[in-house]
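The first chain written gets the first letter, and so on, giving A, B and C; residue counts start at 1 in each chain.
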Amino acid sequence: MIEVKEIKPPRRIPFFGMISGMFTVFRHAFQKPVTVQYPEKREDQGDRFRYRIYLSTEDCVGCTLCEQVCPNLSITMMMLDKDNPRNKRKIYPSVNFGTCTVCRNCEEICPTDAIYLKGVFETSRTRNSFFYNPLELEKNEEEVRR
Amino acid sequence: MNILTRIATILGFLGHFPAYALAYLIETLVVIIFGTVAVAGMVYLFRKYMARVQIRVGPNRVGKFGILQVMADGLKLFQKESIMPSGRDDLPYKMAPVIVFIGLMMGFVFIPYGPLVWFGNLTVTHSDVSLVILFALIAIMPIGEILSGITSNNKYAMLGALRGVAKDISFEVPMMLSILSVVIMASANVSNPLDINGIVQAQSIPFIILEPLGFLIFFISMTARASFSPFDMGESDSELVTGNTTEYSGLRFGMFYLGLFGTIFLGSMIISSIYLGGYYGPFVGYFGFIWLMVKTLVLVIISLTVWLTMPRVRIDKFVTFGWKVLLPLSFLQLVVAGFLTLGGIS
Amino acid sequence: MGPQHPSTHGVLRLKLLLDGETVKNVEPVIGYLHRNAEKICELDYYCDSLIYFDRMDYVAAMNMEIGYLEAAEKLLAIEPPERVKWIRVVMAELNRLASHLVWAGAFGLDLGMLTPFFYFFEEREKILNLFTEICGSRQETNYMSIGGVYQDFNDKIIFKIKQFLKQFPKKMEEAYSLFIKNDIFISRTKGIGILEPEVALSYGVTGPMLRASGVPYDVRKDAPYLVYDKLNFDVPISRGKDVLARCIVRFEEMRQSVKILNQALDKIPDGPYFNPKAKKSLMIRLRGEGDVYARTESPKGEFGVHLVGDGTVKPYRLHVRSPAFKNLSILPYLSRDVLIADMVAISGSIDLVFGEVDR
């Protein structure tokens, strides 16, 4: 059973519609602007907003699941000489943010929650410095200087 | 007491003749500077008003409330390299923006500005045929636009110029006819009906009340003359990139840009002079200039609202509209004006 | 009209043959945004393909995800819980609103109306903020997953969506009146680009384009997926067949979407928000075998996904029937012997999104 509703253009009075449209436009001039002046003010992003990948090398077990699940091959495993009894192979993920699409699959699949995302989004870099090694992934954005 | 004699009195130590000559020069310069500043202010007003209407903030970084934004933009355009298209017709290509700009600036000289407190009457030119000269000068501007279109060797510019021609010929005649009806009305009361100042003085009742139809025709024609939406088919940016100005960059583009906004301002001043009573208002002896500016600003705001609300008219529809609607209406207006004059109403 | 022309949506390039102002022939050249999405999806796990579907129709990512998941869940034999279906309907309709709002704004710009664009985008911005609240990102949300959704709805979110829906119709009608009550707008759209229903059907045109020609075809009604059969809404059609008809059909669809949302938000049942068979730690082990085709109603039209699995963790073949591509094929037919200005209006009324056309 398909309910079909045939619609016709609403009735209008010639010329008057244009004038009323102009009034509508003019009235908006007294509204408060909805844009946010970015560097001074910031919008609240909500608590589910995620962008930057963080890594806790303490928890990482080097299972390479994140590397497998990453759809863009942004995550590659990297040798890192760090004393961690749970990570026998001493491999940790490193992320190329230039290709990261923030799909959050790595966060979801990580068995030890070593990879997690946070709502930090001011991560602008030059083109060649998007690559974050595991130690840099641990740090905050301000500490990773290029 | 008008501003000319004021300046001449100050320069009186030079002797009678040099003082007046210098005074004329200074006065004209002042008007041209006024024109430039007004056009720049017009750009700022447009940007701010557009932003407010679109629930944005608009320019607010350069200077307080972004007032210096226009100057910054102008400086940027000034610094930019002028990229010339290959295969252009060099001289007309370079002349086109200058023609537009000069046509605009000369137009400012012929407006009756009215008295202002100490300065006296600010009107520059006291010619008996200033209306005719003014419209002759305004008619120069389309030549610049057409030249720019056909010489810059670009398909969009070419189409823009063609549309510009089609547009111009379809509204110029009704515009002139509605002006003629104003002249007829004014001729009943004053001896110099071809002088804009005379027309202003003839309006004991503003002509917008006596001939609203003519006002409408003239307003539409002025909108089309300034070629902004809904009549911006010449430079419709969704079809022809920017029409005839596509190949221009740097300062030359800036001249076209100023030409566009200047035409809106100039057109609004002309309309307020010949239909809204110009500088007439309470305390005309002191604040005539202020009244003119207030009327102009109201008209400018209305024009900008039209610009921001209306979609673009298709060129063939506009030509049809011009010849089949505006022209008969302006003839009708002419007849009505004749009857009003004979009946002695004006 | 090259790929860098200001009016073309995305990167459409149109080769025009002109006679003065009249368009004699149009040849759309596509492929400037070709990203090989289908092939990449074949090289990836089932769960990973979702992000490529996000990027197909980037203004209606949710609808694309649903289109893929309908196929993938059929292939992998994973039934989403009831609550997930309702949540997906809510998200799809919200995104349909956003997509139509983008279309309306861009269409206004095509015709030279500068201001309504911002009124539409203000509303869209609110929807995208809701998405940030719900999914964690604005456009390419990757919210759905096989057998579930990324995170659950809660009362706060439902309250916020309802708050948005309360003010939305008024704002939309206000901006709509700028369109429909304007004589110049009517004169630019009425009788332009007339598409007869037989021609539309033979070209494979779907969605609002087809409904504007008078054919009441809507996958949500004709072959209900998710829970659309439990919802009460109309299929708007118009017999105008022209650009104006497409405009009013799309606006009426927005009203119907609001109606659907109001019903769906009240009816969301409790329950889990993902199927335990497809929980995230197992997601790269999902294996499917068989051959499925699923179709859904995206804002542009019928969106079909053909998925072939060969028993491994990756699909053997994936084909996308993208509505915008099929709708674009009608452009040369529609814009024969019209003026350039009309051609811009017609190509605007098709609602092209180039991520989807080129894939």
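Convention: contacts are C-beta pairs under 8 Å (C-beta built on N, C-alpha and C of every residue); 3 or more make two chains touch, one makes a residue touch a chain.
These numbers come from a predicted model, not from an experiment.
S.K.: Give the chain pair that accounts for the most C-beta pairs in contact.
M.R.: Comparing chain pairs, contacts are most numerous for A-C.
S.K.: State which chain is most central when centres are taken as means of Cα atoms.
M.R.: Per-chain C-alpha centroids ranked by distance to the global centroid put C first.
S.K.: Approximately how many whole Å separate the CA-defined centres of subunit B and subunit C?
M.R.: Their C-alpha centroids are separated by 46 Å.
S.K.: How many angstrom lie between the centres of subunit A and subunit C, each centre taken as the mean Cα position?
M.R.: Computed from C-alpha means, the inter-chain centre distance equals 22 Å.
S.K.: Nearest whole angstrom, what separates the Cα centre of subunit A from the Cα centre of subunit B?
M.R.: 50
S.K.: For subunit A, give me the residues that contact two or more of the other chains.
M.R.: Counting only residues that touch two or more other chains, subunit A contributes 18, 21, 24-25, 28, 34.
S.K.: Name the residues of subunit B that each touch 2 or more other chains.
M.R.: In subunit B, 53-56, 308-310 touch at least two other chains.
S.K.: For subunit C, which residues are shared contacts with two or more other chains?
M.R.: 115, 119, 122, 178, 182, 184
S.K.: Under the touch definition given earlier, write down the residues of subunit A that touch subunit B in their complex.
M.R.: By the definition above, subunit A touches subunit B via 18, 21-22, 24-26, 28-35, 37.
S.K.: Considering the complex alone, what residue numbers of subunit C touch subunit B?
M.R.: 5-7, 20-21, 108-115, 117-119, 122, 178, 182, 184-185, 187-188, 339-342, 344
S.K.: Touching residues of subunit B toward subunit A in the complex: what are they?
M.R.: Residue positions touching the partner: 49, 51-57, 60, 302, 305-306, 308-310.
S.K.: Per the contact definition, I'd like the list of subunit C residues that touch subunit A in the complex.
M.R.: Residues of subunit C touching subunit A: 44-45, 47-52, 115, 119, 122, 125, 129, 132-137, 140, 142, 145, 150-151, 174, 177-178, 180-184, 186, 216, 218, 221-222, 233-240, 244, 248-249, 252, 280-281, 283-284.
S.K.: In their complex, what parts of subunit B are in touch with subunit C?
M.R.: Its residues touching subunit C are 50, 53-56, 159, 162-163, 229-230, 232-233, 236-241, 307-317.
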